[in-house]
Amino acid sequence: MTQTLALIRQRLFSSVLSDCLDAVGYRNQAMHAGIRPLDESLVLCGRARTALYVDVYDAPEGENPYELEIQLVDDLKADEVPVFACGASGRIAPWGELLSTAAKARGAAGTVMDGLTRDVRAIRDMKFPVFANGIGPLDSKGRGKVAALDVPVEVAGARVAQGDLVFGDADGVVVVPRAVEAQVIAAALAKVAGENATREALARGEKLADVFRRHGIL
Amino acid sequence: MTQTLALIRQRLFSSVLSDCLDAVGYRNQAMHAGIRPLDESLVLCGRARTALYVDVYDAPEGENPYELEIQLVDDLKADEVPVFACGASGRIAPWGELLSTAAKARGAAGTVMDGLTRDVRAIRDMKFPVFANGIGPLDSKGRGKVAALDVPVEVAGARVAQGDLVFGDADGVVVVPRAVEAQVIAAALAKVAGENATREALARGEKLADVFRRHGIL
Amino acid sequence: MTQTLALIRQRLFSSVLSDCLDAVGYRNQAMHAGIRPLDESLVLCGRARTALYVDVYDAPEGENPYELEIQLVDDLKADEVPVFACGASGRIAPWGELLSTAAKARGAAGTVMDGLTRDVRAIRDMKFPVFANGIGPLDSKGRGKVAALDVPVEVAGARVAQGDLVFGDADGVVVVPRAVEAQVIAAALAKVAGENATREALARGEKLADVFRRHGIL
Amino acid sequence: MTQTLALIRQRLFSSVLSDCLDAVGYRNQAMHAGIRPLDESLVLCGRARTALYVDVYDAPEGENPYELEIQLVDDLKADEVPVFACGASGRIAPWGELLSTAAKARGAAGTVMDGLTRDVRAIRDMKFPVFANGIGPLDSKGRGKVAALDVPVEVAGARVAQGDLVFGDADGVVVVPRAVEAQVIAAALAKVAGENATREALARGEKLADVFRRHGIL
Amino acid sequence: MTQTLALIRQRLFSSVLSDCLDAVGYRNQAMHAGIRPLDESLVLCGRARTALYVDVYDAPEGENPYELEIQLVDDLKADEVPVFACGASGRIAPWGELLSTAAKARGAAGTVMDGLTRDVRAIRDMKFPVFANGIGPLDSKGRGKVAALDVPVEVAGARVAQGDLVFGDADGVVVVPRAVEAQVIAAALAKVAGENATREALARGEKLADVFRRHGIL
Amino acid sequence: MTQTLALIRQRLFSSVLSDCLDAVGYRNQAMHAGIRPLDESLVLCGRARTALYVDVYDAPEGENPYELEIQLVDDLKADEVPVFACGASGRIAPWGELLSTAAKARGAAGTVMDGLTRDVRAIRDMKFPVFANGIGPLDSKGRGKVAALDVPVEVAGARVAQGDLVFGDADGVVVVPRAVEAQVIAAALAKVAGENATREALARGEKLADVFRRHGIL
């Protein structure tokens, strides 16, 4: 599996994956445009490990507010990607330098969340790919906590199940469900070749109409 | 005309153009702050070619979903700027590397849209100025298509007609209607000189109150 | 006081300040994630001077629309930070290169606003820390003006009073009220040390659960 | 068909239809809560005739801005329901008293739109069921026009195809796709009976836990 | 003047006024759909008296927070309409039963605001027409205060100057500027007659296409 | 306690409670204006029982999705008020006719939620006071479930703890924390008397300025 991931990471783009998901009828697999990489030069490619957050308004004495979060990160395998469904509240930054350090030490491929991220300069220095809905300093303690691990979630409009292929680059994050993974990747590898021919023809000044008629790609 | 555009591109800024539009009573000519350049170091200056999009929810077999888009790009002249009115839905990224390649080959000055853009790293490498409402991988096929070309539109709060001067830099995008173009450009060139004197006085530590009384610029 | 500010600027982060404010029950001191630095490499640390804006729809002849703004900037002392409460309208860019030049000449530590900023490339060249809710070219004249100076305001969800410590870095802006300043800074300096130990343990691959049990930091 | 519609109108509710759609895996068939009836006492039940709108910014001389709208209304059959997909702009009120009069004269069952409606007091007096995203006086001329008739659309989050069953009451609007219509209606008729038994048990003060265990309905 | 107002109140509607404003090129005179009447059966028709609010975050001791508000209401003449521009914050309910009582006692024609209103049941009992952006109990003290009276403002997207005709009914609020008032009212009175003929033809079942061709009204 | 509640229900209003909470420095106790009563003629007054919801995207086989919801309703005592914190997603209608029936049978005083409500016509017929953020048919199964009971929550901007006094009428919902309950109620009962005198003076046409000087109430 790792070899496949390496190939995908090297050859593919979120846009071509999105097009090929569209072609097989999966049209809601790209996360909303609010989800951005901390570092646009990094590519994220791995298998989802999901966490579902609940907004809370209290941090009871004696309760570890990070219990399930710690459990997930300590359980990460190589090429896995924590995917945090924090919802629309924008109240918390559940990910930062320390979790990035721990996740990277376990070989995780990166992290995706619809919450905020903090310690962003340190994370960028680590070259660890993090995609988030914004940047902010607020800790999750007393604001949100993990309610369940490895359950199906929706993050920024895309459904994610444990084990789904998660791919992120400068254009955004796309989720490829298991059921169509092989088909979508094969189609994407083929499409990339056609795009190269199209690009060259266009750069030579050929008419778009002609090139599109020939290659069917835009 | 090209000489004028070169002069504007070299000497002016979106902020001074916005101030001079304000001064002649055109107060809604700056696009909303959501419209950002892919590359803040590039300046866009050219004549608008407008396209009006309609959200669609279907891509009928046998229909070319890009028909009018292709027609517009193939028809671009030097210094023209495709301006895409995609509306508030945020569902599509109608512009990417291939259209940038084709537009650049025809001498277009850049592109502006209130939709998303994709292939952003490749577009930045081409040094082609693109201003958009965000970044995302979703193709327009089955989500949106061009309903009309070269009609008056509104993009991010600013009205744009075919042939209007469109100027974009790191501060945003401003549209200068034909009716006031000569007047606004003359005023802007004059104001830029006054700003230089103001800046120098302020850098020397003079009181803002005194400098503003003298130059009337802030 | 300046020595304390220098120490804070050098050693602390917005995230650790936010955590220590949380710990003493001040849980709304971080501005919303929309407030971003023009330059993520700069740190802002100083004392707030507040300005309260009112949206206007008219610029009467013979009235100086910048009167109180000029008064505030001309009155700035070293290490002060103009904090502009412009509200939710997003109609104005009250800060730009000229005000940055004047503020910097008086030793101001930076500026924070929930309005837009313009002339952003020039401001970045000056290395003057500006945090704003976006970038746009629209002048405040006829759109907004200062209604009061040095009154308590709310900016992007955080209450700010004159003299409050304002701290901004790549993760956002945090406001430390006078009443808890000494306590929060002491706690933050202590927490930073613990974070270093935690980070090193995690980088070595230790279990998060163990490290968190030992240091109590995440 | 008309008999079935009469039975549905008489016996069913939007909430029970929504539950039964959920049960067969169609979980996005209820329109958003912004879509409200002008008159909560009326029930709408009929077959969708869809119209897709495009926002426009101009009304060219000599063009009939209502051409396709008129064509759709003149073509309405008994029990049909014009469903207008106007999108998120909130700029137009495409429906009013005159179109209601014409539609009612042809036996239409009501109208649904995500745009605004006007002449609401007159429409209420006619007892014609109209569901809209708000009320406002702005005509569509120069703001929006129909781009296509009888194509698949999305209205307030629900997909609607020509001929789909559209049901609206005080709780909102639900769309039942052809593919599951028979199954969903049969299940809904059965569920309504169970709800009556549940309601009676609860009104007698029985424990919810016991009643839910017995009937499985909540 | 009062006679004209009585005629307008009796014969016209917000929708026909909006259409006639459109026809003379004033296309932003209808307030957004969020502005609703407390009582849909009442018609508001009068001359605007404007108040511009500023959001505040403090109520200094010894300051009368309602000073200008009281001044405006005490100064109201017959058929005048207080129009409050409170902005987008949604934090205050500046109008309630007591101000309604005072305004009604002076013969005011009603009130319009983009803030909230409170004491709504009492106001409805008084049959005093109030149009607001919602209902809520929060007093303006320490949240907002009037910064200026009788200045041009924008309320829910429509520009309002002192003396402008303000018309509200169940379909919303329309503002008719002085410059086009006579022209718009004359056109509206004429259009109402045509609408009656159109309605009757449609109710008889005539084709919309034919009726529209004959009357040009929809 | 029940006697006190009866007195409050009879004599007080949400607006006067809000003013008196303001006066003792509790300025965020009114829920946002989106929270509306199903029936504006009903008054809700009781003690909060809180439920915290988490958005879910799955309904696992064999799990009772309503478990804690049922537990809360079965445990309701006279004059208690279920308060549901469903968050900003707007995806679910957790309350309907059956839960209203069960809650009413136990003597509950009403229900408040920032989610949607369904079966609204039946609930109105029962004269059971329900305040919600909208109306919609979507069941909570597979969309949201209760994560915790009787914990502190925030609902539409107001903090609510178990046992807090919750008061709702046509103007909205106000939460009175235990710590200031006696003080706020005493002040509110006193203020209501002053409002009566003010109202009468204003109805006689006295100047607001004079009446406000005399009574200090607006």
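For the reader, a short list of remarks on this structure follows.
Letters A, B, C, D, E and F mark the chains in the order given here, with residues in each chain numbered from 1 onward.
In this text, a residue touches a chain if its C-beta (ideal position, glycine included) is under 8 Å from a C-beta of that chain, and two chains touch if they have at least 3 such contacts.
These numbers were taken from a predicted model, which means no experiment stands behind them.
Common neighbours of chain C and chain F, by the contact definition above: A, E. Greatest Cα centroid separation from chain A: this falls to E. Using the average of C-alpha coordinates as each chain's centre, C ends up farthest from chain D. If you lay the C-alpha trace of chain B over that of chain D, the rotation comes to 180 degrees, to the nearest 5.
Distance between chain A and chain E, defined via averaged C-alpha coordinates, is recorded as 49 Å.
Centroids built from CA atoms put chain F at 40 Å from chain A. We define each chain's centre as the mean of its Cα atoms; on that basis chain D and chain F are separated by 30 Å. Shared contact sites, meaning residues of chain B that touch two or more other chains, are absent. Inter-chain contacts, as defined above, occur between A-B, A-C, A-F, B-C, B-D, C-E, D-E, D-F, E-F. Per the touch definition, chain F reaches chain A in the complex via residues 52-58, 85, 87-89, 147-148, 151-154, 159. On the side of chain C, the complex with chain B involves touching residues 64, 66, 69-71, 73-74, 90, 93, 96-99, 101-102, 105-106, 116, 118-121, 133-139, 141-142. Across the interface of their complex, chain E is touched by residues 13-15, 17-19, 22, 27, 30, 32-34, 36, 40-41, 169-172, 174, 195, 198-199, 202-205, 207-209, 211-212, 217-218 of chain F.
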